[in-house]
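Supplied in structure tokens, the structure appears directly below.
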Amino acid sequence: MRPWPALVLALLGAAVPLVQQRIDARQDRWRAQAESLYVGDGRALRRLLPGFEVLAADLYWLRAVQYYGGKLAFEVGQPMPLLAPLLEITTTLDPRLEIAYRYGAIFLCEPPPRGAGDCPAGLRLLEKGVATEHLRHAWGMYQDLGYFRFLYMKDAAGASRDLMRGASEPGAPPTLASLAGSLLEKGGEARAARRIWKDLYEQYPEGYLRDNARFNLRRLEALDAIEQLNEVGQRLVAAGQSRPKRAEDLARWGVPPGLLRDSTGVPFEWDEARDSYYFGRSSEFWRPR
Amino acid sequence: MDGGGLRRVLAVATNTYRETVRERVLYNLVFFAVLMILSGLLLKELSIRQDEKIVKDVGLGAMEIFGTAIAAFIGVGLVSKEIERRSLYPLLAKPLGRGEFLLGKYLGLCFTLMVNLAVMTAGLYLTLAWTGRRLDPALLAAVWGIALQLLLVVAFALLFSTLTSPLLAATCTLALVVAGRFSDVVRNMRELLPDVPAWLPTLVYYAVPNYRNFDFKAHVVYRDAVPLGDLAWASLYAAVYVALALGLALQVFRRRDLN
Amino acid sequence: MNDGCAIVTEGLTKSYPHGHVVRHLRPALRGLDLRVERGEIFGCLGPNGSGKTTTIKLLMGLIHPDSGRATILGQPVAAQGWRTRVGYLPEHPYFYDYLTAEEYLDYAGRLFGLDRATRRARREQLLAQVGLARSARVPLRRYSKGMLQRLGLAQALVNDPELVLLDEPMSGLDPIGRRLVRDLILDLRRQGKTVFFSTHILSDAETLCDRVAVLREGALLKAGLLSEILDLDVAHVEVLLASVGPEALPAGLGPAERLGERLRLRLPESGLAAALEAARAAGGRVLSVQPVRQSLEDFFFRELGTPGKEESWTVED
């Protein structure tokens, strides 16, 4: 090609990304608004795509997963307003997409920064699923309902009802019924919680959700340790000693080192506001009151 | 039709197939194959535990969309193009009946589409194998449904192309596909619009070809068994409609002046 | 209807819808009565738009007449039986450009039900006859207009037809091609076949046709032997002289035209001797003496008047 036209073309080609950057800079201002666009309404979409609802559901599921993952990776702690609508559309387009209900519920129920922190929405999603003809008899859905109702909403009685419902469905493991029972026992809740997280840990494949179950399991173990530390602390106070601010100082009184830190190695500390020992500020298990 | 007629139909059909091959109609297959493989590999990473289903959904959906688009656009060109370019004149001067010509064109294009579909199916299975999945023969039920749909689309494309210009014919063919997909809406109109006399939506419902009859994709992906009876009835429906469309096309074509 | 005729038409009429918003019918052919005998070369003449192509398309069954009827080789047009014995070349033909000439002729042969050996033999023979043997394997999209025209002739003869209809067979051909086609047509007659062709090139008709029909605006003006239509006695003589001026010639002979150094005279036959005498006496040379008979062109100008704004015809293309 002759030099002049080639030069002009090269300049035009270089101009494109430059202009695009300018546009991006301007539009970042209203990117937050742009988030809510193009989500649409599930029933309307279903109407528009006869024959391709299942495919569209797949794509919306992908969108939901990417949205959730993106928030976790790049906007930690930010609210996730679009998660529930995306999952709603996904399950409206394809009511049989079991995974969208179950994993979607976890994404919704987990408190920030690991989830949307909207457990009622998560439970509503699962309830929508068991109302459908196809999933009415899926014991796994009832299991998740019970688990999440108990773990996040602390509603042991309601959870027990869900688990019993699931236990009567074909293919349900016997543990469901026994778990339902222990939830109703006094003091059985802590044990039940541990069992549930362990069960979820074993159910999920390698990946984020499994890590999440492991995280919660460790958290519960740490909370047990904290209880024991609190007992030690109370005995000290009763004996007229002062309670040490840092849990590590309790080693003097023979507390085993395993109880002094959480599983990531961050030592516990006395939290005045909670009136209890609690996770260190730098620990990943720490949560604001 | 006697033996000579059959030979002539086959001659037209083979020539039509040769045309589509040489006009590189089937190059879309390459595009499709790339799309398939990319989707299989990419979606595995993007999703949680849905990769097999998504690959199947994308694969079957793409086969249906690509196949329908090709069926409509080339089917339409079959007769319109020949008339516009007058390539039809020397042919019809020979002992080739107009019906034999139409039938040969139809068969040639159907053969092309079936080859197309077979290659795309193989591509889908290959992608599934590549991502380490079991090969599921139940997919073929959905493929058969798509094949029926394509046979019907071509027949209508042929009919419209005997009636009007290529662009309008393509639009009408595709509009009919869309309308056929929304046939349940039409059927429900009886309840939605109580003022309209009941026979009208019923008439429209039976007149518009119901493409939902051929849609077994969701069944197959969720591993519901597709009863052989369903497939058989759907095939019968397609056969009847194809005969209707071709028959109408022949009547129009016979009377038409070639200008 | 007379069985001995190749083509007979009675009152053949056809109109086309015309106009976009308001459609009215424009007559393309009005009550055509025609008779083509077997074994003759019949020319259908007329300016563009006179109905020649419409006639041929009606005969081939590509369009349907409003009224009237026609028979081909004794059978009505609607009967398909005659098609195995007829060949047709349309105007501005288009063949599938993704095929080669060989393949197209093979396809044509299959439509006639010829077996493979026959198809191959006919292919080779015809391609040689029309001078396309070397380009047999070239895709038709690379063919020039003239080559396509010659292929068109070949496909019209695949079945060794008794009757051949050609619509403007000379169009798009260079002089060599035209000579080839002319020879081919004469050869067909020698084989006893009938040739019906339409043209607006008058000289072709003059050289080839036994009988002609002259159409104008869809109506038949005259039909018959060329000798009947034209007055074939010598109309005048054209003389070409050199080195002599018009002043040397006797007055009142006829118009004289100066062409550079030469002089062209148009004289009645009676004045020829006097002119030659005078030229020789003045020291000039006689270059040529050409008797001119009435041509179709003259006939046209006389019968049809000067061309209307929609019409056009030519002597030589």
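Observations on the model:
Going in written order, the chains are labelled A, B and C, and every chain counts its residues from 1.
Note that a residue touches a chain if its C-beta (ideal position, glycine included) is under 8 Å from a C-beta of that chain, and two chains touch if they have at least 3 such contacts.
None of the values given here were measured: they were computed from a predicted structure.
Top contact pair of chains, counted by C-beta pairs, is B-C. Among the chains present, the centre nearest to the common Cα mean is that of B. The geometric centre of subunit B is 47 Å away from that of subunit C, both derived from CA atoms. Computed from the mean C-alpha positions, the centre of subunit A lies at a distance of 89 Å from the centre of subunit C. Subunit A and subunit B, compared by their mean Cα positions, are separated by 45 Å. Here subunit B touches subunit A in the complex through residues 43, 46-50, 53-54, 57-58, 61, 64, 181-182, 184-185, 211-212, 215, 217-218, 221-222, going by the rule given at the top. The touching residues of subunit B, counted against subunit C in their complex, run 4, 7-8, 11, 15, 18-19, 22-23, 85-87, 89-97, 255, 257-259.
Taken together, the subunit A residues at the contact with subunit B in this complex read 47, 50-55, 58, 61-62, 65-66, 94, 96, 99, 103, 205, 207-209. Residues 16, 57, 60-64, 80, 83-84, 86-90, 92-96, 98-99, 107-108, 110-113, 152, 155-156, 159 of subunit C are the ones that touch subunit B when the two sit in their complex.
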